[in-house]
Amino acid sequence: MLETFLIPLLKIAVLINALLVSVTFLVLMERKVMAWAQNRLGPMRVGPHGMLQAIVDPIKLILKEDITPAKADKWVFTLAPIMSLAPALAVFSVVPFGFDPLYYIADINVGLLFIISVTSIGVYGIILGGWASNSKYPLLASLRASAQLISYEIAVTMTLVSVILTSGTLSMIGIVEAQQEAGIWFGFIQPVAFVLMFIGGLAETNRVPFDLPEAETELTGGFHTEYSGMRFALFFLAEYANIIVISAITAIMFLGGWLRPFPSIEALAFLDVIPPWIWLVSKIFVFLYVFIWIRATLPRYRYDQLMNLGWKVLIPIAIANLVVTGIVKVLV
Amino acid sequence: MLEAVVFYTLATFILGLGILVITARTPVHSVLFLVLNFLLVAVLYVTLGAQYVAVIQVLVYAGGVVVLYLFVVMLVSLKRAPEEHGDNRRLGVLGALLGGAVLAELIAIIFASRRNTNTVVNATSDMPARLSDPMLNTEQLGWLLYTEYLIPFELASMLLLVAMIGAIVLAKKNI
Amino acid sequence: MADEIKPDSPPSTETPKAAPPKLPAAAPKKPAAKPPPEPPSGPTDPEPPEDLEIPGYVQALQSGLSGAVNQVTYWVGDWSVIVPADRLLEVMNFLRNDAATEFDYCSDITATDWPPRQQRFDVIYCLYSTRLRHRLRVKVRAAEGEAVPSVTGIWSGANWLEREVYDQFGVNIVNHPDLRRILMPDEWQGHPQRKDYPLEGPGEFLMEDPQDWLSLWNLPDEAGEAEIE
Amino acid sequence: MTTEATSRRIGQAFDTDELVLNMGPQHPSTHGVLRVVLKLDGERVVDCDCVIGYIHRGVEKLCENRDWTQIILLTDRMDYVAAATSNLGYVETVEKLMQIEVPRRARYIRTILAELQRIASHCLWLGTHAMDIGAMTVLLYSFREREHVLDLFEEFCGARLTYNSMRVGGLPLDIPSGWDKRVSEFCDLMETKLDEYEELLTNNRIWVGRTRDVGVISGEEATALGLCGPPLRGSGVLRDLRKDEPNAAYEEFDFDIPLGTRGDTYDRYLIRLEEFKQSIRIIRQAIAGLPEGPIMGKVPRLLKPPAGETYHAIESPKGEIGYFIASDGRSTNPYRFRVRPPSFCNLQGLRRLVKGHLVADVVALIGTIDIVLGEVDR
């Protein structure tokens, strides 16, 4: 009883809480890093150097008036933020933080496919949110979002398949094991796939330069224009949770997950004193930082350019990479 | 016992949602019920131990196909009465015939598989021994698709390719 | 801004009743401070000095279209011609296309209002040539309601400028592709740039005491209650 | 069945209406209370209509009821991000009407102010234009430099936005001591910062992709549409009133007019960046050759220009800002006061520019024509 229910439940509770709290701090981190990139201070009022902003912001959002537009589809309008957040949290059930069973909730043999399929459900939140608002800007945004997410999902999945070919397993733990056996991170074996996955990850999470569905300067906020208060906060949480998910997956698939750098070199064995989950979390942080850095640097793509990039550049490269990986796998 | 309870509960929900899909007034709602339906079917697959099929069900149907349905439904003008969306050139008889044919085929398949349950066993008998572990049903499926069912699999992909090209030709005004 | 207040306030029908006592008190005050000067009857439109040579582009117009130019005027370095409204398009086409004039750029279109004159409006076209780099003003006189042809066919940029002239002065511009008000709201009455249009707007009066605004709305305010009692 | 007929049937069956989208009057990228009504086919713009006048304050009417000096501060409130050039255009028009000779020192300082103003206005344009296209950091960078310009203005006249910095016949104040040195220091600083902007944008693939071949307009069309300033020069029409009809002290300085070749948004971007450099060049020359002498010409205490009309235009950061003023020679206020607002005339070109482009390009194009609604609506 304890083994089968209580421990997993506890782990889920810890993980979800950790995730939500880290999302609020991710928002703070984003504001601070953006500020440093732009010659300003960022939040400074609440707590030392604005550190408590991460706590105050959610409180503000919860206490805000929750407005439902008069002609909105009420049920769908309420459902959309939930449908957006739930998949983002569910994905974490198969993200491992170490070999020890303590560090993961479930290891299923189709772990990677599970992640892909559950994240693909997340798009409903955006589409329905846009549609249910009964407003033109969100509708345009949700059309953009659905086209964008489906297109880039194909590229990302194709890319992941080439990693699966390299590792020979769909299990997340199996993939890290394979990297340990190979003695090298897959990022070095599959550099093209790594880059594709990173770009696809930016697009899947609606980050700059692919933030068209929520382009504030074009669509006044995109699909969540009509949302306020807690429902907006749910969208917000989902978005940042997705960023963390994508970073975690990329770190596990390409940067050896919780493995230390150069796992085959014995001379670096002293690095193993650092617990594995710290390795993974720090790798995730590197990705988060790069995401924010990119946001501070790049302008936004236009819809047609985004589609061209997805269909005419990323997908062909992903397919070519897959074919090459397959040939190499057969020959070697 | 537990399995049966789960199965019948799921089946009830799946059928109920199926009815809601065709009775819902707003097209978007019926698409939503369809998504729920697909998700529950995926759960059904999980209870049957077919995790791979379950995940693919979610990925392809819930995550891909229905998003496109939703896309179309949102674009169709909802200001008009539902009757106006009807087309008087509808070929009702042909539709009924095709539907009947599919139904007959399904029934035939069910009866055929009842009578001849060892087809699958025959196919798996050629499998390498290491794949006999039931946890590895992804590999088993791959093995079957590329050996026993290679030709139907390729035919299906050809059919999809033709459909895809057809859709592009219809949609693009000038290629 | 009076326009914003009126449609929003439900008791606006009662406003004239509440307000008149204030009007006579405020109105005579202003003219007393400064008697209005006699309105001028029109622009001076001075003839060019004898010793000044008329520039080539004006001469080209005079010789190219005989009789189209009523008057050539000159003031502080600016040349302008006055043409009749019915020959405006002809003149403009000439100015746009003739090699000696080539006014391919319409800088500005505006109007002036000289109410005592029968043809009260001057519609003024400021033209420029991007190749020859010279300027010319073309003036047309128009009475209230008199048709002034649109020059949008010659310079597409005249569209908004003519809309503004129509909006602000009520000059009857004909054959304009899209003659709507541009700066004022569509349902606005009157043309604000006319000289007989009051500075504070129509039907509005100067409220010097802020409490008077409250009485307009019939709000249950201290001031309002005091009046009722 | 032919393909076209099929697609038409599909179009009818699915009822793909045109979507009318109201951009504004409250929209982050319309740079104020501008309302653009877009008729969309999917994301493609079929047609658009600009609705303006939301902050129409009747400046022209107001000016006809104020005396000649009071008007200067009303001109501040039109193009409020380039108040000094609005001032300059007005006072020069009155000077032309009254035939007043302005001392050379005043003309030099006016030139410096106008060019500083051009830098400030272009900083604002660059930041907001880049922000519209999604490059957020450029806004903060360019506002940092704009802040320096505003500091210089504050030191000169005490105001940071609405300067009221000119008088008919000259200037209200001489420059504070050391101001010219600080202006040259700013010029050195600005040159290094321009490289920062260019690093972020000029060779950025996304930036080029978003601006190249967007809103292309030929020189002839731009001229006929009455575009002015950088949008006109972007289409390769050589027209800069600082060269064509030099005002202030421009004829004494050496500078170039950048011209575009393709007439697209990217060309207009490059032109404005080059104008930064040319402005710095002009300011340096003016500081180096700043003559001594009075700052006010001989002006009667009570301004009352003789009866007559004139039109005078100068090159503001946005284009040709022209003043048509009629004086009746009797009263102490103008009989007719008219501004030819460059933003208004350029905004008119938006309809032509956006046709056939995507919604995302609309904001890029509103940014590229650089409007200030205070001036459009007056």
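When the chains are written out, they are named A, B, C and D in that same order, and each has its own residue count from 1.
Criterion: contacts are C-beta pairs under 8 Å (C-beta built on N, C-alpha and C of every residue); 3 or more make two chains touch, one makes a residue touch a chain.
Just so it is clear, the structure is predicted and the values come from calculations on it, not from any experiment.
The chains that touch chain C as well as chain D do not exist here; no chain meets both.
Farthest from chain C, judged by the mean position of CA atoms in each chain, is B. Rounded to whole angstrom, the centroid-to-centroid distance between chain A and chain D, based on C-alpha atoms, equals 43 Å. Chain A and chain B have centres, each the mean of its CA atoms, that are 29 Å apart.
Note: centroid distance chain A to chain C, computed from Cα atoms, is 60 Å. Between the CA-based centres of chain B and chain C the separation comes to 71 Å, rounded to the whole angstrom.
On the chain A side of its complex with chain B, the touching residues are 73, 76, 79, 108-110, 113-114, 116-118, 120-121, 123-124, 127-128, 131, 139, 142-143, 146-147, 149-150, 153, 170. Chain D makes touch with chain A in their complex at residues 19, 21-22, 27-29, 43, 130-137, 140-141, 144, 200-201, 204, 206-207, 209-210, 358-363. Against chain A, in their complex, chain B makes its touches with residues 26, 28-29, 32, 35, 39, 51-52, 55-56, 58-59, 62-64, 67-68, 70-71, 74-75, 135-136, 138. Residues of chain C that touch chain D in their complex: 37, 40, 43-44, 46, 75-78, 80, 104-108, 110, 112-113, 124, 126, 130, 133, 135, 137, 155-161, 168, 181-185, 192-193, 197, 199.
Touching chain D in their complex are the following residues of chain A: 34, 37-40, 136-137, 140, 144, 208-209, 211-212, 215-220, 295-305.
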